[in-house]
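Both of the next two complexes hold subunit A, though its partner changes from subunit B to subunit C.
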Partner chain A sequence: MRSLLAQSWQIYRKDMVVEYRTRERVVTMFVFSLIVVVIFNFAFNAGADVVQRVVPGMIWVAFAFAGMLSASRSFSPEKDRGTLDGLLLAPIDRGSIFLGKLLGNVTLIGLVQLAMLPLFVLFFNMTILPHLSKLLVIFFLGTVGFSSVATLFAAVAVNTRMRDVMLPVLLLPVASPVLIALVETTRTTFEGGDWQDMANWIRLLSVFTVVFLVASVMLFEYIMEE
Partner chain B sequence: MAGIAARLRITPFGLICLLGLVATLYLSLIWAPRERVMGDVQRIMYFHVASAWIAEFAFVLVGVSSVIYLWLRERKWDIVAYSAAEIGFVFCCFVMITGPIWGKPVWGTWWTWDPRLTFSMILWLIYVAYLMLRVYGDDMPQVKTFLAVLGILGTIDIPFIHFATMWWRGLHPDSLVMTEEGLGAGMEVDMRIALGVSAVVFTLLFFYLMGRRMALERLRDEAEDLRERVEHRHPGSVGV
Partner chain C sequence: MGDRSAPGISIRQLTKTYGRFRALHRVDMEVAPGSFLALFGPNGAGKSTLLGVIAGLVRPSRGQVLLDGDEITGDRDESLGERIGVLSYQTYLYDELTVRENMRFYGKLYGIKNGEERIEALLRTVGMDARAGSPVRTLSRGMRQRVALARALLHDPDVLLLDEPYSGLDQDALVMLKTILTARNKTILLVTHDLARGLESADRVAILNRGRLVFEAGTRDLSRVDFEQAYRDHAV
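This part shows the complex of A and B:
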């Protein structure tokens, strides 16, 4: 167990060093989320009255797309440069490759979320500070749950002919319960709701995250075998 | 009768399914009483509910055979999963078509984002993803493993989709089949019988189609095998 975590940490560190040198992924994700928000604004022409109802959905569409970008880019360069084979040859547990990649995705999505939240305040006049602790818990749970499935399916999609199209097709239907739960809890939070008002959703988010995290670690081994 | 059946290559099991379908049509369209409020359009329920049952049952079968495939690595179980996915998808499409036909006169709208409609929609999309991966990944050796992974995750996902869509909103008529008073307590006896027969016949039909579909897949494997052997002995003699 300890070596699994240590190995995951090594994979994570490697990915983050590469990312720190190029800053490719996190910048693309941020710009992409920003564009989604701007386009959504045109699409709904949201006045002050509608904004409260639309923003939670907008937030999670932006982050879901950013998350897919992150997951997809965590495997495609490795595949294209042939370094994925090197990773597989390394004398480490396959599960640690998955955990390292997952941790990387959660970190990058988290960074983009931190950068985007002030912009939501700016653009839509939202009050976030009083709800910050609740939002952090919800965002963390949801991001880990979503990224588990996203990382697993990205590893599948990178091997297919239509890899860019396959990831959303595989991921979004399976991740839809998480997305519904995230939008609902975020909306309840912004409306000033308490933990009590969203107990069911939090339970669903937690159970989904745990179940899919465990299932993904177990299934990743099968995906990566030659 | 047996002569015609033999010429049409209908097996005894196929014949039972055919007779069962005729009986289902009679029971649900003529024999069952006319619903007081909705009228004759309610009769579509006998097919709609039975298909929905098959659509869900088939996906669970995909999940179970996917687990066995990852465990034993026998092509047989991949064939079971693939066949169940294809036939389940057909029934899921049937659910998506019959739903709106009933919804328009009764609810006044073709589609609404009610829990069970949303559930069927997401299940339908997972079926689509499964079949798309099968088609676009056909040339890869690992595609069977990928499909098994998707089959397993999709099946684990079913309860989550169920609760998420249920808590999200509600308009669908309360289930009359699984009520607190017992199975089918919300319906007339005759309606219950018609629906029961319909569900049993659809299940038989599903297994009949499974048998045919799996036989087809095995024939494809055999044809592929023969082609390779001929190609091996006489290179260039077989096209493709």
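This part shows the complex of A and C:
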């Protein structure tokens, strides 16, 4: 277990150094999320009550698509440059490649969320400070859950010819429960609800995250085989 | 790793199909411990697929590969990576990292002890110590291949799988590669289109065509002219 985590850390660290030097993924994800916010801002020029109901969906549409970009780019350059074979040849648990990539995706999506939340507040005149602790838990759980399944399917899609089309086709149906749970918990939080009001959704999010995380680490070996 | 004796490779009835396409068909081959076998064949003959199966990158449809009598084509054994080094036309290097950062990254994945000393020594051996701090993207194709050679030798493997390793190398680097390969403390399987270089370095040569092993011979009594004729007969 210790070596699995140590190997994952090396892969994560390498990915973050590469990203820091290129800023390839994070800039694309931020620009995409920003465009979504601006478009929705014009599309839903409505009263506060409507905004409160619509914004949670908007937030997760932006982050889900940004997350998809991140997951896809976490594997496609490795495949195109042949470095994925370099990782697969190493005497490491291949689950560590998944975990390293997952950590990278969670970090980048988290950074985009940090940058975007103030913009959501600005554009939609929302109050988030009283709900901040709840939102942090929901966003963390949701980002890990969504990234687990996105990272797994990005690894599946990278070996297919139409990988850019395959990823959303594979991912979105499977990730729907987690996205619906995220929209519901975020909406309940903005409406002033407490943990009890969203207990079932949180349970669903937690189970989904744990199941996909564990299954992905175990299945990754077979997914990477040609 | 390096203190072990070089293992023999036995390939038995190896078949790999991709859908209806048969990349390898019942290939039987032996590479004796510490020997050097050069494998030739036209494009699409299945040479790289064969190396991929031995390296553990490709799962065969049927058949076995044995390393010192132990099957390596069943469930993946992580320690296989410690015994095998792969040098390919793909360098497995990250353009955005420096030469030294690439070597350190792979050194950590391979659990190399005294990593820094070994990295510096290998970079000196391949003549890349002066460019250790340069990002890989700034290097020429030949320089990248030199670093790739250092990366392949980093964990001192006792089996070397070489897929077109000469691509982009200048004369000095070719001499250096030849010196390393002729040290003969490793079992080496080379895939190349360069008949002259392959024949010059190897103990045995083999020709693969359309997934089948069609020719195999020792190099001691095989002249270049005879081998070129054999290649024309079996692979063209």
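Assume the second predicted complex is superposed on the first by the 218 of 226 C-alpha atoms of A that agree within 3 Å, B and C clash if a C-alpha of one lies under 4 Å from a C-alpha of the other, contacts with A are read in each partner's own complex, and residues count from 1 in each chain.
In this section, contacts are C-beta pairs under 8 Å (C-beta built on N, C-alpha and C of every residue); 3 or more make two chains touch, one makes a residue touch a chain.
Predicted model, so just to flag it, every value in this text is computed and none were measured.
Visitor: Between subunit B and subunit C, which makes contact with more of the residues in subunit A?
Guide: Counting residues of subunit A touched by each partner, the higher count goes to B.
Visitor: Between subunit B (first) and subunit C (second), which, if any, makes contact with A:Ile202: first, second, both or neither?
Guide: A:Ile202 sits against neither subunit B nor subunit C.
Visitor: Should A:Val211 be classified as contacting the first partner (subunit B), the second (subunit C), both, or neither?
Guide: It touches subunit B, and subunit C stays clear.
Visitor: Of the partners subunit B and subunit C, which touch A:Ala115 in the superposed model: first, second, both, neither?
Guide: neither
Visitor: Touching A:Met126, do we find subunit B (first), subunit C (second), both, or neither?
Guide: A:Met126 sits against neither subunit B nor subunit C.
Visitor: Let me test your reading of the model: by the given contact rule, A:Glu184 touches which partner, first (subunit B), second (subunit C), both or neither?
Guide: first
Visitor: Counting only touches as set out at the top, which of subunit B and subunit C does A:Arg161 meet: first, second, both, neither?
Guide: A:Arg161 contacts subunit B only, not subunit C.
Visitor: Once chain A of both complexes is superposed, is A:Val174 in touch with subunit B (first), subunit C (second), both, or neither?
Guide: first
Visitor: Looking at A:Met16 after the superposition, I want to know if it touches subunit B, subunit C, both of them or none. Which is it: first, second, both, neither?
Guide: Touch partners of A:Met16: none, neither subunit B nor subunit C.
Visitor: I'd like to know which partner A:Ile92 touches here: subunit B for first, subunit C for second, both or neither.
Guide: second
Visitor: Once the complexes are superposed, what residues of subunit A are shared between the subunit B interface and the subunit C interface?
Guide: Residues 225-226, which sit in both footprints.
Visitor: Tell me, which parts of subunit A touch subunit B in their complex?
Guide: Contacts found on subunit A: 149, 152, 156, 159-162, 166, 169-170, 172-174, 176-177, 180-181, 184, 200-201, 204, 207-208, 211-212, 215, 219, 222-223, 225-226.
Visitor: Can you list the residues on subunit B that touch subunit A in the complex?
Guide: Result: residues 70, 122, 125-126, 128-129, 132-133, 136-137, 139-140, 142-143, 145-146, 148-150, 152-154, 156-157, 160-161, 163-165, 167-168 of subunit B touch subunit A.
Visitor: If you look only at subunit A, which of its residues touch subunit C in the complex?
Guide: Touching subunit C: residues 7, 10-11, 14, 17-18, 21-22, 81-83, 85-94, 221, 225-226 of subunit A.
Visitor: Residue numbers of subunit C touching subunit A in their complex, please.
Guide: Going by the criterion above, the answer is residues 52, 55-59, 76, 78-82, 84, 86, 88, 90-97, 101, 105-106, 108-111, 151, 155.
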